[in-house]
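In the two complexes that follow, subunit A is the common piece, with subunit B as its partner first and subunit C second.
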Partner chain A sequence: MSIKADVNLDCKGLACPMPIVKTKKAMNDVEDGQILEVQATDKGSIADLKAWSESVGHQYLGTKEEDGVLLHYIRKSGDDLDSEKKFENTITNEEIIDRATNGGIILDVREEAEYAFGHIEGSKSIPMGELEGRLDELDKDQEIYVICRTGTRSDLAAQKLAEKGFTKVVNVLPGMSSWNGDLAKKI
Partner chain B sequence: MSNKVAIIASNGGLFDAYKVFNIATAAAATEKEVAIFFTFEGLNLIHKQAMQQLPMPAGKEHFAEGFAKANVPGIPQLVEMAQEMGVKFIGCQMTMDVMGLTKEDFIDGIEVGGAVTFLEFAKDAAPTLTF
Partner chain C sequence: MTIIKMTAAQVARKLIEKQPLFILDVRNTDAYDDWKIEGHNFEYLNIPYFDLLDGVEEIIPKLPTDKDVLVVCAKEGSSVMVAEMVAEAGRDVFYLEGGMKSWSSYLEPIKVGDLTGGGELYQFVRLGKGCLSYMVISEGEAAIIDAVRFTEVFTNFAKEKNVEIKHVFDTHLHADHISGGRHIAEATGATYYLPPKDAEEVVFDYTPLEDGLTVKVGASQIEVGALYSPGHTIGSTSFVVDNKYLLTGDILFIDSIGRPDLAGLAEDWVGDLRETLYRRYRELAEDLIVLPAHFMIIEELNEDGTVAKRLGNLFAENHGLNIESEEEFRRTVTDNLPPQPNAYQQIRQVNMGKITPDNEEQTEMEIGPNRCAVR
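And now, the complex of A and B:
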């Protein structure tokens, strides 16, 4: 299955250093928080794009291979600003699994590609940007534990849900960046 | 952490050119400030005519096929890309004098300077590489 990306870049057939050079240029057209998919056949690009992302400050999500083509996923400026979190009802990473198995749901509001490369088993994916249009997929009587990478997007999502009449909403902190439990993949 | 990469290019073959320009463009793409000091045979790499047909090491000519197959960009293309990304080229004045060359013999956009010009740039660069 394909993973949703905001911008796709074709680097197939290109040798080092071209995938990196083209990725850098393509990033100019990607907005903060959006996902870039780089299609490459250069096997060195796996290690290179990961190192490049870390060096430049983007979030390398992962790579999958499809018909001999490597598909790399990078989220621009992955380090969300550590802004002030306003939603008061919060819970820690460690506490949610027990609570969620007692009838609650874990709602992962990161981008689909972030979710694909590692999420909590059983959690539901609705990216932050799609939340408002997909509220009918959620149950107002159920406890909803909202999680993202660092707690910033989930804070906004929790506020949005409360605004829309959801009363049993909890923001999970610090989020997936500090998740120590098992991860499920969907690639 | 230093945000500069300093490179000395002192050899004039095709393989040398790839080592220099691949590292330089990759570093520039990683948002490093890059300068290359071209000295002695390294000046070939930015000489208008010489750079078009850089020699392979003797006995290694069969690699030409490999370069084509791997779809490796040509040296002039890499040079253009490096300049576009802001890589600074410094030609060694002393070598140019010895070889009877002037700035006009080289591609546009290069600076000409002596050892101190490079050292000044390289003093807080990490890494500094020599090819």
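And now, the complex of A and C:
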């Protein structure tokens, strides 16, 4: 199955250094928080894109292989600003599993590609940008534990849900960036 | 200023002659930390090429002007890009043709010595990977031991020397590099020998390399004799050449000994390894010159670039031959083993003939240093 990306870049058949040179250039047209998919055939691109992303502050999500083509997923400027969290009802990563198994739901509001490369088993994916249009998929009587990477997007999502009349909403902190438990993949 | 190509052979010369060289390695840091071009008088700067896309101004002051500067990457492309930028900034600079890929595959043939009746013994030093292969030449015939996968180097060398390759041996089923032995034998009609205990799963025909087997190279008296010496693998076999040289395969190195865990469990073969190193080898003449199938560090290279040392000296100096307590020996070779070589299980499958990856895949499998020893 394919993973959703905001921008796709074709680097197939190109040898090092071109995949990185083109990725760097393409990133200029990608907005913060958006996902870039880089299609490449050079095997060295895996380690290099990962290292490059980390060195310039993008979030390297992962790579999957499809018909001999490597598909790399990078989220631009992955480090969310460490802004003040406004939503008051929060719990920690460690508490979440016990609480969620008692009838609650874990709502992962990261981008679909981030979710694909590692999420909590059983969590539901609705990217932040799609939340408002998909509220009917959520149950107002159910406890909703909102999680993202660092707690920023989930803070906004929790506020949004509260605004829309959801009362049993909890923001999970610090989020998936510090998750030590098992990860499920969907790639 | 100018950009000049440097070949792996030229780098090899600089290494062997202990010349200075400044290497600007532009691979990512993990790759560099794992494996680089080693040299006695080489200096290094590692900055990934992707950190230099916006310019090289910051590193120019770090590049010396009194020695050659060589830009190195994985396959060449990035080093050319960086070299162009360095040249634009006004410096003369070299790049490594073919990158680490060509360094990994480069073989330097060096003569080890003369044999009885005008014969010669050559060691093929794969400097980038630490593999050592051998060719015994005598009276128009040749025997090859532990050939790496660049078969043409051996067949061309034989042509140059005007000898016919008659016998091809592997001391054991290799786990760190892909053998060229079987393919050389196929191409030349030579006999391919493999220790049967290592060959239980191979899917091709071979001639069993049994303890005590002797072949003659040329019409005269140069003998290559097999000595069963298990421990690295259960089939590992050494060779005595012309009563002068002991080819130890991956059992005994200059500054270390073989590891017993690459084809199974270390515990199973540690006893064999002990028996080989502390009993079988002790029965041999101390004047034999040990020629291993690997070196681990360039300090093991002799002045002429060969890797060779008298057996008696190794008995005195090699730590692995001087562990009196069996229990301590067992701990040394089973605990704290170094990481296993890249893709070693796949490489074993290739050497058994079970999988046949293409050339690029083979290159990928062999990336990185060999790790066949314990110190």
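One rule holds in what follows: the second predicted complex is superposed on the first by the 187 of 187 C-alpha atoms of A that agree within 3 Å, B and C clash if a C-alpha of one lies under 4 Å from a C-alpha of the other, contacts with A are read in each partner's own complex, and residues count from 1 in each chain.
The rule is short, and it goes like this: a contact is a pair of C-beta atoms (placed from the backbone, for glycine too) under 8 Å apart; a residue touches a chain by one contact, two chains touch by 3 or more.
This is a predicted model, so every value here is computed, not measured.
Superposition of the two structures on subunit A leads subunit B and subunit C into a clash.
In the overlay built on the shared chain, the residue A:103 is in contact with neither subunit B nor subunit C. By the touch criterion stated above, A:181 is placed in contact with neither subunit B nor subunit C.
Residue contacts after overlaying the shared chain place A:47 against subunit C, while subunit B stays out of touching range.
In the superposed model, A:13 makes contact with subunit B only, not with subunit C. In the superposed model, A:129 lies in contact with neither subunit B nor subunit C. Comparing which residues of subunit A touch subunit B with which touch subunit C, the overlap comprises 15-18, 20-21, 24, 48, 52, 55.
In the complex of the two chains, the subunit B residues touching subunit A come out as 22, 25-26, 29-31, 70-73, 81, 85. Listed in rising order, the residues of subunit A touching subunit B in the complex are 13-18, 20-21, 23-24, 48, 52, 55-56. Within the complex formed with subunit C, the subunit A residues making contact are 15-18, 20-21, 24, 43-44, 47-48, 51-52, 55.
Interface of subunit C with subunit A (complex): residues 28-31, 48-51, 53, 73-75, 77-78, 81, 364.
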